[in-house]
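Consider the two complexes below, in which subunit A is the common component and subunit B and subunit C are the respective partners.
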Partner chain A sequence: MTNSERRPLLILENVSVSFPVKKDFPFQKSRFVRAVTDVSLEIYPGETFGVVGESGCGKSTLANTTLGMQRVNSGKIYFDGQELTAMTPQQLKQARRSMQMIFQDPFSSLNPRFSVFDLVAEPLRIQGGYTYAQQRAEVAAMLHEVGLSEGDLDRYPSDFSGGQKQRIGIARALILKPQYLVCDEPVSALDVSVHAQILNLLMDLQEKYHITYLFISHNLAVVKRVCDRVVVMYLGKVMEYGSVDKIFRNPAHPYTQALMNAIFDTDIDCTRERKRLQGEVPSPINPPPGCRFCGRCPEEQPGCSQGEPPLVEVEADHYAACFLHAARRSE
Partner chain B sequence: MKKVLMRIGCILMQILYAIGRFFKKLWKHKQGRVGLIIVGFLAILAIFAPLIAPYDPYDVTQRAAKGLLPSWEHLLGTTITTGQDIFSMLIYGTRSSLSIGLITGIVIAILGSLLGIAAGYLGGWVDTVIMRIVDVLLVIPTLPLVIVMTNVLGTSYAVIVIVFAAFGWTGLARVIRSQVMLIKNANYVKAAELAGASKWYIMWRHILPAVSNLLIMSTALTSAGIMVAEAGLSFLGLGNPEAISWGKMLADAQSSGAMLFGHWWSILAPGVGIFLSVYSFMRIGLALEEILNPRMRKGSNMIKVFKHLNNTYLDEVFASMDDDSKRRGEYQPPAANLAEVAVTDAAETKPQDPNAGPAADTTSENFEPAEKETGETA
Partner chain C sequence: MKALDVKNLKVIFPVEGGVVRAVEGIDIEIEQGQCAAIVGESGCGKSVTSLAVMKLLSTPPAVVRVDKLELGGVDIRDLSDKQMQKVRGKDVAMIFQDALTALNPVMSVGKQIDEIFLAHGKENFLDESGSCPNKFQRKKEAKRRTIQALKLVGISDAELRYKAYPHQLSGGMRQRVLIAMAFASNPSLIIADEPTTALDVTIQAQVLDILKDLQKKQNTSLMLITHDLSIVMNMADEIYVMYCGKIVERAKTKDLFHKPLHPYTHGLLGSIARIDDECKRFVQIPSSLPSPMHKPSGCYFHPRCAYATERCQTEMPPLETLEGGRCVRCWNYKEIRYDKQ
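On to the complex of A and B.
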């Protein structure tokens, strides 16, 4: 089944988010951190959509905007056909039933004063309409689903290990049976030995409940394993976008190529030539003119700082925002 | 109706549970237990005062019993001018002291937590307005204001409570606000928002429990402060003239010349009362501070703190003074050490001297470095 036949669950149309920077002195010209600039995406039901990029490239802000937690400065977001950016608080509360999130750090995302039952049942209570017995049953079933037992209901988060806490977080996120789940680096705070368990659990649950995942990660190996399609972001802009297989086999954008080069190899004797990126990520307050990757790009050309490169189709279901491909396209 | 009652019952249960858990923690703390026992003792005295007190302390008609010395009939004697039983007055005095302290403390806790949480969590203009009010109130001295207000509105406990509460919440609100600003960024608050929780829900279920410990601690400490203030005001004649309080007992004893007659017990007794109540509340407050603030746990004993200061800080101060005076040339080393200083100075300058070889060294007074150097060159 190709994507064009399906109706997307989530559509982002030219979404931009910027945060005002605190002024150093009054009457200073107001400045903004452009966290997300002009991002357009479509996420299809049942798929795992990866978001990849360095720290500070706007991954988490993008995720928050798709959840309606972050006001957008411009652009529109449609969730399941409804315009998320134009919802009233009451509608948003209704919509929250079908969108949830798993946090990176299971230690701070669970209130240490709540028992496991209280934690997992909290979304049920907030949404209302469940008796205590129903809550109890739902929570017990969900705990069983994520690999915990009913005996854990009345224990506290401090009694659990990192992996188990993340399971509690997953149970909590899934208790309302959402259609759409944001996984904000769900395994990066955990021991490496637990990574695979949690990822497998997420994939099993996806199969069972047909959930759409937005999977944020900076671990490319995990993304390759888990995701169907992926977007590579840099300084708030989409650099490359398309199916995981195509992007990993044939990275079109120099930034993606650099990321692929940086994948850590377990082969110590590996003599593969690494292209290292020079310099630091520029400040998102003053992004470089033209292509955002200017100045660090190994294949920079004189024209690169002139205008922003358009997102062009490199091959089917594979887009890149680079003048290299824009030029090739127009020939 | 039934639902509302159920809701209120649930809330009360939650509060009781939190307080109960807290007292359990406090009981485990050695210093806190002392405070708890004294407060419990005082509370029993206050509640059952009519049963415990042997005489009616308000009875000022005992002309025959004026100025009696302590005896088995009057454990602490009677007052010089009115013949009231001092022991009974002491017991009744617990009531005014504890009730003023606790009521004001609790009102301050409620005001401070409400406004602090609102300012911290809601932010924006709510925060700005509340914090500007705090700034204004903080610079107004409370005690002189209470004195003025009692002159204007008459001397009653209500005035004292209202004025202290109206001006006392500011410090607490500031502390709570800063704490709330930390908590509101926690991921579990975000998770609750994500589940569709209202601001009220988050403030009640997530933020208030997180600052409740802080709240109880500050209530204990402010109560102690208010008790002292109440005693002081009563001593000045600005308390409730009809009530019996320790401050007023002190004032009466002084004005009737208790010291002149040698009735020291009539001064000591209320003094001990004030001391015990304030001490116990302070003890509890400080114990809570230690329980809450792990960094303070090690220096629980004041003597330990002073010892630590003696050993490290003062030594450092003296050392730095020495260095400074040496640098300025004021420092005169004691005569016995003069030679030593000269020698070490010489030893330090020697290696820089290109002409002074190992051979020259052996002729000088200082042998050790020379031997070492020859040993190394050999």
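On to the complex of A and C.
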């Protein structure tokens, strides 16, 4: 089934989010951190949608807005046909039953004073309608699903290793059988040897329950294997967007190319010259004028700092925001 | 000459109801100018090893036993804390994982680097005639050297950054300050404990480039501690794979990546997500590291090993030395044939 035939689960239309910055002195002009600027996306049911970028590029803010945890300044979000941005808190609580989140750091996202049962059963209690015995049974079944045992019900987070803690986090997110799950860097706090276990588990669960994932990561190698479609963000703007296969085969934006160069591959005989990205991400309070990637871009041209490049179609289901491609299309 | 020579290092922590054998008799040799990496999962004892080499473990509670501990040919086993102070920073320096906690938050980064020059006494500042400048001249000279050190690690506006406090710098910048600090007094050995785990991939690549560059330029030896084999490939000359406090494989980087001998090394290599892989599934090592208080009998890896035999369950294999200085601790390494990844 192609994307045009399916109805998207989640639609973002020109979403922008900015946060006010504390003033250094009174009467100072208000300044804002533009965390997310004019992002439009569609996420289809059952797919894994990747969000890639360096820290501070607005990945997590974008994920939070899709859960209704962060108000948008402008733009609209539709979840399963309903407008998320226009819901009352009561309606939001109802809608959140079908959307959940896994956090990055399992060491700080689990309350150390809650037993595993309390942690995993909390969403059931919040949504209501379960007796204690039902909760026990549901939690035990879920723990089994994520590779823990019933004997772990009354133990505390401190008894578990990092990978096991992340499994508890996954169980808690899945206990309400959500349609949509945000995975905010689910493995970056864990050992490399545990990455594989958690990622395989996530893929198995997706197959079983047909969950849609929003997968945030800065590791492109993981994104390539886990995701179906991906968006590359830089300083709150979409740089490149489309199917994973197409973007990885033919990265159109210089930033995506640079990110791919930064991956450490394990092919010892590979002697290709690496292009390193110079400098660091500029402050999102005063992003550079024109294209946001100006100043770090290896293919910068004089015109780049005037006007923002539009998102243009490079090929079917593959878009990039770069003047290099905007020019090529107009020719 | 060997920059570091450790023989049979053991570290034991007494805990309630038993002991934790964190490190169980490991040997490490690093030639001058070489980079050796210690790779393993968290809890395998790699950080404890580095702390023991620096003599930074407080004893008690820790019990450290070592047959030989030489830094650049000098025995440091019996040095007192005071004597060790003179060695640390000058002959051996350390780069810590989390730059924000390693730096003093209420002191400008420049002043913190100055301290390294000033702490190692007047003999650092003698001029050609052998006379020692006064305190103010020494401070001025230290500042000059600090700014030079900051420039060396690629910090722009070094004069300006000299006055900056750690919270004003980005993560990559802070890690560079730590690297500048470690290289400040040109030590013969630097221990880097997970220097880039807290950083983004692009910044991680930059920081590792700087580290490697400086290491080659100053002919420093580097002991790199990490859980990520993919960053080791471009950095290390030799790799030690650690599991449960024991070394399970030691090999030149090229050999290890071409042909891992121990099943654990093979598993670690397989679990790295590669960009050119077509297969969707990730190769995984089943279950997790056993508790350090209750290590399994026989080979520590046998409960997780797909190739374990009966002998593995009862007898601990010795660390066998093969040709070319390669070592492996496995009963069956000759028989195991891994599928091509």
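Following the convention adopted for this analysis, the second predicted complex is superposed on the first by the 327 of 331 C-alpha atoms of A that agree within 3 Å, B and C clash if a C-alpha of one lies under 4 Å from a C-alpha of the other, contacts with A are read in each partner's own complex, and residues count from 1 in each chain.
Methods note: contacts are C-beta pairs under 8 Å (C-beta built on N, C-alpha and C of every residue); 3 or more make two chains touch, one makes a residue touch a chain.
Not measured: the values here are computed from a predicted model.
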Name the contact category of A:Val192: first (subunit B only), second (subunit C only), both, or neither. second
First (subunit B), second (subunit C), both or neither: which does A:Gly58 touch? neither
Per residue count on subunit A, the busier partner among subunit B and subunit C is C
Considering only the touch criterion stated at the top, classify A:Gln127 as touching first (subunit B), second (subunit C), both, or neither. first
Between subunit B and subunit C, whom does A:Pro287 touch in the aligned arrangement: first, second, both, or neither? neither
With the two complexes superposed on chain A, say which partner A:Arg172 touches: subunit B (first), subunit C (second), both, or neither. first
Look at A:His218 in the shared chain and tell me whether it touches subunit B only, subunit C only, both, or neither; answer first, second, both or neither. second
Touching residues on subunit C, where the partner in the complex is subunit A: 41-43, 170-173, 200-206, 209, 227-231, 233-234, 253-254, 257-258, 267-277, 279-286, 288-289
Touching subunit A in the complex: which residues of subunit B? 186-188, 190-197, 201, 206, 209-210
Within their complex, subunit A touches subunit B through residues 67, 69, 92-93, 96-97, 99-101, 103, 105, 108-111, 113-114, 122-123, 126-127, 172, 176
Residues of subunit A that touch subunit C when the two form their complex: 54-55, 161-164, 191-197, 199-200, 203, 218-222, 224-226, 248, 258-268, 274, 276-278, 280
